[in-house]
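Chain IDs A, B, C and D follow the sequence of writing; residue 1 opens each chain.
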Amino acid sequence: MSLEKLRAEVLEANLELVRRGLVLYTFGNASGRDAASGLVVIKPSGVPYERLRAEDLVVVDLEGRVVEGTLRPSSDLPTHLALYRAYPQIGGVAHTHSRAATAFAQARREIPCLGTTHADYFHGPVPVTRLLSPEEVRDDYEARTGEAIVERLGEEDPLQRPGILVAGHGPFTWGRSAMEAAHHAVILEELAEIAWRTLALNPAAGPLPPYLLEKHFFRKHGPGAYYGQPDEERR
Amino acid sequence: MSLEKLRAEVLEANLELVRRGLVLYTFGNASGRDAASGLVVIKPSGVPYERLRAEDLVVVDLEGRVVEGTLRPSSDLPTHLALYRAYPQIGGVAHTHSRAATAFAQARREIPCLGTTHADYFHGPVPVTRLLSPEEVRDDYEARTGEAIVERLGEEDPLQRPGILVAGHGPFTWGRSAMEAAHHAVILEELAEIAWRTLALNPAAGPLPPYLLEKHFFRKHGPGAYYGQPDEERR
Amino acid sequence: MSLEKLRAEVLEANLELVRRGLVLYTFGNASGRDAASGLVVIKPSGVPYERLRAEDLVVVDLEGRVVEGTLRPSSDLPTHLALYRAYPQIGGVAHTHSRAATAFAQARREIPCLGTTHADYFHGPVPVTRLLSPEEVRDDYEARTGEAIVERLGEEDPLQRPGILVAGHGPFTWGRSAMEAAHHAVILEELAEIAWRTLALNPAAGPLPPYLLEKHFFRKHGPGAYYGQPDEERR
Amino acid sequence: MSLEKLRAEVLEANLELVRRGLVLYTFGNASGRDAASGLVVIKPSGVPYERLRAEDLVVVDLEGRVVEGTLRPSSDLPTHLALYRAYPQIGGVAHTHSRAATAFAQARREIPCLGTTHADYFHGPVPVTRLLSPEEVRDDYEARTGEAIVERLGEEDPLQRPGILVAGHGPFTWGRSAMEAAHHAVILEELAEIAWRTLALNPAAGPLPPYLLEKHFFRKHGPGAYYGQPDEERR
């Protein structure tokens, strides 16, 4: 994929967040990585989505040095880069303050896997990071946020757990591409919305039994998947 | 009704789920049965609604053998077929992960008949199926799901209870036609939405007295019905 | 106002319920009374709003005899008529199953006057009727519903309390005209929506002090009102 | 900025409240102050937004005397003026009855700073005013409301706490301009919406640690800010 095409996809991924009602004003951001060069394309900081054009996007390297573009990149860029550096298999990252997911992040509660909608996308609960220490917040806050995400995921395959809640902040999601990362942001918001209603109806609601979780996750993902059409690019 | 017309109706039923905000991306599916041939028309698996056309729909027989169409049918097809086989009087089935109904399914709480809106459509609570066993999930999961629905309904006339919550999963609805099944999916979501707010306001809210439930259900359904116009096709 | 103009207004009042998201499919109905003749114009039963035309509306007298129109009037007509007969000062009635107000009706909780938004329109809580007895439900149910509303309002001026919750059913509202009745249905839904969130945040939330309730109600209504423009028709 | 331009901006600020779903019918109002003349432009009382034009706006001096315009100003004008008189640094005020923020005002609970979304805009909780006394309500109620806001803010810089909840009533917000005040009304509603879900998920949810609150507030505001583009007018 050329950098030109990646710009177009990253623009679309950002606009998908708007179309799905996940962002207010300039909240949120999505980025994508070019597999060939390793460069990352990201939304500029504080630019309203309605006048965002592909040429406004900023191209940076994995250390955050601007390679193309005249605008400042999103202030959350170092968080995105920490994820790209840790996980070669991901090609896109998205961040929003979407309502239901942010409420879980603020309540510092993980989202348990309460149903098959969740199990279709997440192989287990959506975890919450620990709060950063005063030192971490002072010293390169956004990069430390990314590192706390990686720390929390541990040995987990990030494509089997394509999102997390940053404590007191909001969700970050990722995927094989920028569009998939945005898609996962939308799904995560829906899961959170259904989960909080479930917990309101039954505070003791338990997670799905493991055999049902496995069934749903692997019905959509991996070699035995039979959801969707065999020739389509899975997402 | 020709198979051509049935395709058009099943397409419309699927799009109705979208128009009413019940589905996200490729979630959900609706099908319809041809009374003459007994064949079933269903949405293909994982195809986005915005590019779904009547010719993409898949025609299968009651054992799930593809009769027309080149795409894979919805992975929930065996659940639909179990319902068609058990109930000759139904002509359509719909499945969504709509928010409020799915929350009840995940909380594994039936939706009590708390008001006349509910009694206008359901002759009693909306029940929840039991969880499937590990063996049932392993062995032909989607067909077992349909059988668990039939098991839960028991001797009930499915047209007096046109929907159910599959535990940990979400709602299935049905009706005399695909459009009626979709219509019931919309109604069920609305009932669930009002019910959860009712239970939040009054956790001890009791069901409608039976004489009021009967009055409302039979004011709209059956020989003594006086809701709507006498010459309209009831739904 | 000619009957022709009244038909147009009643059509608009019905469509206002749709535009504001208060009704689903054929739920709900609004009517208006012609001051000169005393005739009432009401929505026909079970006709979808999107194909409702002024000529489909049904004209009846105060005993419910059809004077003009070929369609069946709304099945709730006898409830509307009981209100028109009891209160000469009202010129419009509306009924919906709007979510938040219906949840209070199902929870059988009155909506306390928790804030100034409420006090701007209702001079006190929104009351709930008693449940009808089996005999009342059997014998002319819809008229008995109207009588239970009148019984609950008692000596209250209906224009100072322009709506009520029918227990287990949903809201009825009224006003000097059909449009005002529809407007009050919209306001009541908003008040109910804010009230349930208020009660979730503070289950012990008390009503507004009487001096503040009075201030707001009479700032908008009656001879000393100073809200709005002096020459506008108040609503 | 000419008075003509200010009228256009105040019109836009009022329409922004509509576009973002914060107002119903004629609820709400926004005003702006002309820095040069000190005159204030405000929405007229009770005029529907859909037919509001720039020339309908009313121009008043700081004592509320109408300088231009034939319509009555918003009945909340004296509240706006009390804020303009107390705080020379503000150039706009907005008032709505938006759902989530009004629920907190009715519950008489401040909105704690539960997350970074909040800390990006408010340097601490969103406070609630005390209830006015019967005498204050009787005697120049709307001006007393403004004074109670100023009393509650105390020594606080109003631009670091750009909104408040009036007990039993609803939110007032402000900013350097009318558009910024409207923008803050939108943000405050979003914060309130996320906060009530957070408190439902975790009634014991504590505020963000001070070092994280400071980080987020000052990342967007003040000399060290690095959010957005360096040359843009901050808001």
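Criterion: a residue touches a chain if its C-beta (ideal position, glycine included) is under 8 Å from a C-beta of that chain, and two chains touch if they have at least 3 such contacts.
All figures in this text were calculated on a predicted structure; none of them were measured in a lab.
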Query raised in the report: Which chain has its C-alpha centre farthest away from the C-alpha centre of chain C?
Result: A
Query raised in the report: At the interface of chain A with chain B, does the proportion of residue numbers present on both copies reach over half, so same, or stay under half, so different?
Result: different
Query raised in the report: If you average the CA atoms of chain A and of chain C, how far apart do the two points sit, in angstrom?
Result: 46
Report summary line: Distance in whole angstrom between the CA centres of chain A and chain D is 33
**Report entry** Contacts with 2+ other chains: residues of chain D
**Finding:** 199-200
**Report entry** All pairs of touching chains, each written as two labels joined by a dash
**Finding:** A-B, A-D, B-C, C-D
Query raised in the report: What does chain B use to touch chain C in their complex?
Result: 114-117, 183, 186-187, 190, 193-195, 197-202, 205, 208-209, 211-212, 215, 219, 226-230, 232
Query raised in the report: Where on chain A does chain D make contact in their complex?
Result: 24-27, 44-47, 71-72, 75, 97, 99-100, 102-109, 131-132, 134, 137-138, 141, 168-170, 196, 199-200
